[in-house]
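Take a look at the following structure, please.
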Amino acid sequence: MNIVPTIGMETHVELKTNSKMFCRCHVLDTDNPNESLCPTCLGLPGSLPVPNKKAIEFITLLALSTNCSITSDGMFHRKNYFYPDLPKNYQISQFDLPVGTEGSLEIVVDGNFSTVEIERVHMEEDTGKSTHIGSGRIDSATSTHLDFNRAGIPLVEVVTKPLIKSSKEAVSYIEELRQLVIDLDISEGRLEKGNLRFDANISVAFQGDKELGTKVEIKNMNSLKSLEKAIEYEIARQSKMLENKEDIIQETRHWDEKKEVTTSMRSKEGSADYRYFSDPDIPNMILNEEFVAQIRNNMPVLPSQKRKIFIDSGLSIEDANNLGKSATWIGDLYNSVSTITEDSKTSFNWITGELQGQLRKLEKNSLPTWLTPENLSSIIKLVKDNKVSFTSGKEILAKLIEEDINPEEFAISNKLIQENDIDEISKLVKEVIQDNKEVLERIVNGEEKLIGFLVGQIIKLSGGKVNPSVAKELLLKEIN
Amino acid sequence: MTDKINIQNVAKLAAIKLTNEEEQKLEKDLSMIIDHFAALSDMELPDGNISIHPLGLPLNLAEDTAFKFLSHEEALSNAPESKDGQFVVPPSLD
Amino acid sequence: MTNYKLSISKINELFKNKDLKPSELYDEVFERAASTESIIHGHLTLFQDENIKKAIDSDKRYADGEELGVLDGIPIAIKDNINISGHATTCSSKMLSNYISPYDATVISRLKKQGTLFTGKTNLDEFAMGSSTENSAYGPTKNPWDPSRVPGGSSGGSAAVVSAGSAIASLGSDTGGSIRQPASFCGVVGFKPTYGTVSRYGLVAFASSLDQIGPITNNVEDAKLIFNSMKGQDPLDATSIKETNVPQPKTENAKIGIIKELMEDGISEDAKLEVHKVAKLLESQGHEIVEVSLPITKMSISIYYLIAPAECSANLSRFDGVRYGNRISGSTSYEMMEATRAAGFGSEVKKRILLGTYALSAGYYDAYYGQALKARAMMKKEFTSVYKDVDYLISPTTPSDPFKFGEKSDNQLEMYMSDLCTIPANLVGMPAISIPTGLSSNGLPLSVQIMSPANTDNTLLDFSQSLEEIVSFSEVPSMIGDKK
């Protein structure tokens, strides 16, 4: 019997506001612990929370861009649990009236479109950072050190419906969400900095089963690679148990990066009792039509819209998707160049292949200011029109990266222009044939390998300027 | 009469360690109070949007301007234990 | 010399006329504290050293004609659940015995700007939970009228020191009556403003939707002065409000409703008589007295004792020994927190936290907390409706005169019933004031409570001031000596 996995993703997005969610402490990126604190984010007696307007604008933007319904009369709730990195031992979050509900996100998986359904988008605050000090093993720490700089930073939690069907889909979803928050300019979106953190909820069931299996939460996946591996591992683990009729425990498991397995965390079966209640320190949050309209009217270009523009210009879904996930200047360059050259595929290949490759080798990640779409387009045109060979084209590009040159002039002055004139080349072909009668005999008798030799002679005779494929074509014509 | 209150469970949720004596007294006291609530629990009351603010006023959001409040020393000034600028606690299980 | 029983405006006049200097007044007040504290134990700490300097600064300002306002040089006592930077904020709990606050509450910084002196921090029921100040971890405060009796709570210390004269006025906090009830027991004025008019930033939260800071004073005029010096929207408190224009009740020929349900069982005959006496006086002034019914007030105790503990159970979660507080060690951080909270909290606090935790826990939310919220909304409707017919409401402040120590501590429900008359004003967020009006058959102070709609604070204060005049209550505790 076929086993079908079901995945739901919970992602936390750190917003790039100036100040924290409920106080005006700086959102700092620093290694110095406990530098950006006030009575509110440190949980001192007598402190109170005041929500950050910019954070609310950012989450509304995210909710709208994922087609969510916006809750016009929402509120904040207290999520109660005790943990040392939680200053008040409750987290201000949202329970049954989140900012956004019932949304969707278009993603690309294996070159095809797919849609991920989003259950909710809500606002909450981040906790402090714990560092466990001890002998090195997870369970034998001798103490825990706490830094509260991060406590109170605005987080948006995005929860998908449990409808994702594969690790690939999950990865594509995260990639899309990351690009979205970057394009909306609400988050830096850097996984390695923890700007985007995700947990996966995974269950398995036999095909045809009406109910979903027991769901297991997987935490501690710090990269897309570990996300993929962790999901694959966990699906395999659960599938085996399902086949052997073993009970799958509802629990939270930890992805072990080194051993590449998921392990059980402390025995906490079932779900915790968070005793949610509406936070009496924060009145109802009214997001009226005017506010929502203003956010909607100022929405930047979304990844899905960029993708559509690329596809409409002639790229495949896969190429368009990858282009959208590159740095903005690459996409912008593509749009301009493909318009000038009127050749989307060639433009795409030159930009993402040769240009990016050369820049990478030189350890540059941005364009020199003189490398304009016009300049690049003229190189592309030179190669396309067979005026220079591809190799020469690469050479011209390398020079252009180095300094501000006019590609055509450079090609001419460096004798890179190919000879394409049929009459001129015919003359050379005839001359080479004349001088190599023996070789010609051997070719006629079947030694086709030697065609290459003659082409080489033609190129030599032309001083390297002849278009090799044209030369070969004419040579073959002559021979036949 | 309400269900017996599982005082140990409640104490665990509230992170307060109770002595046996305290458990017994509190179970009794709380049961008495909860019984007193019965009349309220049984009332038929209309549903409807509950406003958080007693006067039903809406939320005023704050502008996103940041400033420094507590110095590093002030933040740690009441710490029962600290090291290298961080608060120190016994190990917490993940 | 009993300058410590004069009104603020009178003292200000003396300052301005150079008949009295702030430093002289402060010396008097401090001496008064020195001689009374051993009896009443109203203050937990006294700010003697820094006040000497501050009083001298105030002297200079008056001498140069540059005083900061009417509160410049006035020594006020502060309940020890309100943060003052550089000083301990213990909330009368063992949990915070070593906690020094690094910031000022908003009301404190506003008062500081006006040159107000703070005598020190006063005793309270631990974390403001109680009606007698017997729940303080540092010993109870005694009622200046009779030290074998409670001063009321939770702002017992603040009320006692004003009554005894060791502060010109004080700040308390009121969640279910914690300003008004002790003010009544100590024979002084206590005012709880409209919810949101005075910032809660810096007040250690007990029940966030009910707490308000307010003044305890020798007379209504002082209460009005202090209220207006502190009020106003605060960007640090999301529940604080701007001054709102609403129709104001009449101060002449007003209609006043006696709340029927607060004149029934559980209220002593003395307390009822006081209300009737005041009603007659008001009628003689041309006001109209009617009886009104507010049936839901019968549910007040239940509603309050579900909402307040639920909110406090979360508000007190932060006391865990991690970042501050008296830590008791443990082998894991959870064990440390459990032990710290077990040792740091007194029994009443533990009880309310557990009650609140229970009321919010899975399966019980709808029946208890959810139900209480609905009942509260209904109470608000009833009050709003009643205020269409009357300008003010009147009731006893407390069911009886001050009780003896230990008299109610074994009967929790009876203790909770002390708040019967005061709780409604907190639940509906409306202002209420307690004014002493007479003595009981035991010779102890009795008060009446006047209430008005939200955002009518100054009108209520004006009306109460005119009532105060005709009541003409001039009794003082025997420890004071002469009558006022």
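A few comments on the model shown:
A, B and C are the chain letters, set down in written order, and residue numbers restart from 1 in every chain.
What we mean here is this: contacts are C-beta pairs under 8 Å (C-beta built on N, C-alpha and C of every residue); 3 or more make two chains touch, one makes a residue touch a chain.
Predicted, not measured: the structure shown is a model, and the values here were computed from it.
Most remote chain with respect to subunit A, judged by CA-atom centres, is C. Each of A-C and B-C has its own count of C-beta contacts, and the greater count is at B-C. With centres taken as mean CA coordinates, the chain nearest to the overall protein centre is B. Averaged Cα coordinates give subunit A a centre that lies 41 Å from the centre of subunit B. Rounded to whole angstrom units, the spacing between the C-alpha centres of subunit A and subunit C is 58. Centroids built from CA atoms put subunit C at 23 Å from subunit B.
Those residues of subunit B in touch with two or more other chains are numbered 13, 15, 50-53, 57, 59-60, 62, 69-70, 75, 87, 89-93.
Shown for subunit C are the residues that touch two or more other chains, namely 99, 102-103, 209, 235, 238-239, 313, 317, 320, 322-324, 333-334, 337, 357, 361. Across the assembly, subunit A contributes 39, 42, 50-51, 80, 82-84, 89, 144, 146, 148, 273, 275, 280, 282-283 as residues in contact with two or more other chains. Chain contact summary for the complex, subunit C toward subunit B: residues 98-100, 102-103, 194-196, 209-210, 235, 238-239, 241, 299, 301-303, 305-306, 313, 317, 320-327, 329-339, 341-342, 345, 347, 350-351, 353-355, 357-358, 361, 367-368, 371-375, 377-378, 380, 412-413, 427-429, 454. Chain contact summary for the complex, subunit B toward subunit C: residues 5, 7, 9-11, 13-18, 22, 26, 29-30, 32-34, 36-37, 39-41, 43, 45-48, 50-55, 57, 59-60, 62, 69-70, 74-75, 77-81, 87, 89-93.
Of all the residues in subunit C, the ones that touch subunit A in their complex are 81-83, 89, 91, 96, 99, 101-103, 105, 200-205, 207-209, 235-239, 310-311, 313-314, 317-320, 322-324, 333-334, 337, 357, 360-362, 365, 369.
On subunit A, the positions that touch subunit C within their shared complex are 39, 42-51, 78, 80, 82-84, 87-90, 144, 146, 148, 273, 275, 277, 280-283.
Of all the residues in subunit A, the ones that touch subunit B in their complex are 17-20, 23-27, 32-39, 42, 50-56, 73, 75, 80, 82-85, 89, 130-132, 134, 138-139, 141-148, 254, 265-266, 273, 275, 278-280, 282-286.
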